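You will see two complexes here that share chain A, one where it goes with chain B and one where it goes with chain C.
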Partner chain A sequence: MPVVIGFEGSANKIGVGIIRDGEVLSNPRRTYITPPGQGFLPGETAKHHRGVILTVLQEALDEAGLKAADIDCVAYTKGPGMGAPLVTVAIVARTVAQLWGKPLLGVNHCIGHIEMGRLITNAQNPTVLYVSGGNTQVIAYSERRYRIFGETIDIAVGNCLDRLARVIKISNDPSPGYNIEQMAKKGNKYIELPYTVKGMDVSFSGILSYIEDAAHKLLSTGQCTPEDLCFSLQETLFAMLVEITERAMAHCGSQEVLIVGGVGCNLRLQEMMGVMCKERGARLFATDERFCIDNGVMIAQAGWEMFRSGHVTELSDSWITQRYRTDEVEVTWRD
Partner chain B sequence: MDHSDSVKASVPSYLKEAQMIKQGAEARVYRGTFLGRSVIIKERFPKLYRHPEVDEKLTRRRTTQEVRSILRCRRAGINAPVVYFVDYTTHCIFLEDIIHSVSVKDHIASAQASEQNPQHLQTLADKIGETLAQMHDEDVIHGDLTTSNMLLVSGAEDQNMKLVLIDFGLSYISALPEDKGVDLYVLEKAFLSTHPKTETLFERLLKSYTASSKKSSVVLKKLDEVRLRGRKRSMVG
Partner chain C sequence: MLFFENKGTFNQHMTKMPLSNRSSTKYVNMAACVSENDSDKKLEFFLKVPFPSEREAAIALQSLSPDPEPRKGGITKNLDVTGHTLSVRWTADEARILRVSVSSFLDHLSLVMETLDAFGPPVSQ
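Let's turn to the complex of A and B:
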């Protein structure tokens, strides 16, 4: 019954989580929130994480009612993500592993999302839509790899949403995406936006530059409200995501969809995906904000799977990397 | 009547009489008759998950692009189904039924499973490369190149292998090497993720493409660039 602790801080969320045989013992998290109109930069994000990580670590242990000796393995995010924050978290993980005399495990962030999604929802072999501020991929498991069937050829969908939020100065608390979702509910006028699907891939840079440019004109001439812009952007972006997911499902003959990643919290996206699934007779699986948004226990869970199947990361290999493809990892814990 | 009810009520009679053979991501495919011939009817049905305006604009655009691209290919001698008729109110396209055929996807899968003559798959790779080169030289971008969208007409010997391209739903006309490079990139990803361990086969396909196309070097350079884009992109969050 290994107990694994996981450290995650690849973007502006810093989380530490503990898991034991599929049971979440604790999962505290903090978010670095910038003022409206601003994004988060690596150096400042790392500084934020440094300031709170030890507190969050202590919370994780206290909530789980455990001491260092009870932990069997220390998992951390090896990548992908932003350099400075990744380093900050890796340093703490390495130090703690050495202090406690426990093995270390470097985990791929994307796989953390997938494994947590599988655990929570019990989806058997789903087509996974992984959507966040930094990633947009459609993934399916095949022959020991999480293969990327479709992805963005430029920016992530969450990034596109976050940048619209900056342009129209929406609050980043609790997250720009959440606030766009609330505003979109009050919008009803559809503004035509570019729609770009290329086979199984999507492209968001075109729609972003269009809306960044058009937003000011449309708002100042009163042609639409900010709520209408949020509504139109969501309807277009999410339709593109549902479309590429459906293509992958048709290609693989899959009857399950699992949505993971921060943008997966969005109820409108879940609703649209649900309608598509219903039409195909497929099942939709999604998690709530505890596990959709970056968190420590998802790293612990992926670490648990890896640890059980014999992986260990030597100290000399415990570096971090900003670029780490989901399909680079050999998934030895599944057949 | 809400949106989905009004949509269901307007099913045309020719669809009611036809036999549905597939529900793809884009459309439903039926087998029916039209003017005495066996036809495939491709119906782009309304996607209820989309906002109605997004849906109508997109569906109309795709139907038009598909038909234009198929006609352009056919005029250049590339094998694609004959277009008999288009119903723009229901977004249905009536196409030639390519009988006695198997998708390249199924063909490769069964060839790999039975560990048949590898030379046969090499010839197939050559043929695909050649056909795509022809298509790109016509400035037709397929937009959704996968092994499910290529049919192999059976009964033809290796020399007379007949490859038919289908599903031009995401296609458009473009002379840009960038678009052709992306077209090949889409195929490469679909190919390698569906048929593991076929890297050398795909290399062969690209070699054949290079030999057959007049404008291949710029396109392949773009393909390299697009491949790197996927790899080098920083993934955050």
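Let's turn to the complex of A and C:
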């Protein structure tokens, strides 16, 4: 019954979580929130994480009712993500692993999301849509790899949403995507935007340029409201995601869809995906904001799977990396 | 030929010579070719950090050494431990590159030390 602690801090969320045999013992998290109109930069984000990580670590132990000696393995995010925050978190993980005399495990952030989604929803072999501020991929498991069937060829869907939020200067608390979702519910005018699905892949940077431009023109002339822009962007982006997910499902003959990543919290996306799944007789799985949004326990869970199947990361190999493809990891814990 | 016997003195001497003088320009170029490496032209920074024990110094080394410098060129950093002391040596082409690297390192070092304080002492091996 190994107990694994997981450290996550690849973007603006810093989380530490503890898991034992599929049971979440604790999962505290803090988010670095910038003022409206501003994104988060690596140096400032790392500084935020440095300031709170030890507190969050202690919280994780206290909430789980555990001492350091009870931990069997220390997992942390090796990548992908932003360099400076990743280093900050890795440094603490390496230090406590040595202090406690426990093995270290470098985890792929995307696989963390997938493994947590599988655990929480009990989906057997789903087509996974991983959508967040930093990543947009359609993934399916095959022969020891999480294979990327389709992805963004430029920016992530969450990045596109976050940058609209910056243009219309809405609050980043609790997250820009959440606030866009609330505003979209009040939008009713559909503004036509480019629709850029490229086969199995998607492209968002063109849509972003277009809507940034349109926002300035239409808002200043009063032709639409910010709510209309939020509504139109969501409808367009989510329809594209549903299309590429369906395409991957058709290729794999899959009857399950699992949505993971911060954008997966969005109920409208879940609704649209649900409509497609119903048409195909497939089941839709999604998690709530505790596990959709970056968190420590998803790293712990992926670490737990890896640890049980014999993986360990040597300290000298524990360097972080900003680029880390989902299919680079050999998934030895699945058949 | 004085400069082969005592390179340091020669270089020091050469920097004072006006480079507009054609013959001295030729000597500066010769010095550049002759010297084994350009370490005399680089900035150097040394840092020594004492730890309460050898074990903690070793832990700090292992926590701080795996990640490569974000900037590939223009800076090198070497970490070493002797006894209770972690020593770090930087060489850099430019002061601003050096400043960024040293500044980041000190932030990371503080984090290691805070972690050692909060979650130490190390378990016996």
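To be clear about the criterion, the second predicted complex is superposed on the first by the 335 of 335 C-alpha atoms of A that agree within 3 Å, B and C clash if a C-alpha of one lies under 4 Å from a C-alpha of the other, contacts with A are read in each partner's own complex, and residues count from 1 in each chain.
The working rule: a contact is a pair of C-beta atoms (placed from the backbone, for glycine too) under 8 Å apart; a residue touches a chain by one contact, two chains touch by 3 or more.
As the structure is a computational prediction, the values presented were derived from the model and not from experiment.
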item	value
Partner chain in contact with A:151 - chain B first, chain C second, else both or neither	first
Touching partner for A:315 - first (chain B), second (chain C), both, neither	second
More chain A residues in contact - chain B or chain C	B
First, second, both or neither for A:275, with chain B first and chain C second	first
Touching partner for A:323 - first (chain B), second (chain C), both, neither	first
Contacts of A:200 with chain B and chain C, given as first, second, both or neither	first
Which of chain B and chain C A:239 touches, first, second, both or neither	first
Touching partner for A:172 - first (chain B), second (chain C), both, neither	neither
Chain A to chain C touching residues, read off their complex	46-47, 50, 53-54, 57-58, 68-69, 83-84, 87-88, 90-92, 94-96, 98-101, 315-320
For the chain A and chain B complex, residues of the former touching the latter	10-12, 79-82, 109-110, 132-135, 140, 142-143, 147-151, 153-154, 156, 158-159, 190, 192, 195, 197-201, 235-236, 239, 242-243, 246-247, 249-251, 261-262, 271-273, 275-276, 279-280, 294, 322-325
List of chain C residues in touch with chain A within their complex	59-60, 62-68, 70, 104, 107-108, 110-112, 114-116, 118-123, 125
Residues of chain B that touch chain A when the two form their complex	23-26, 47-51, 53-54, 57-58, 143-146, 148, 170, 182, 186, 189-190, 193-194, 196, 226, 229-237
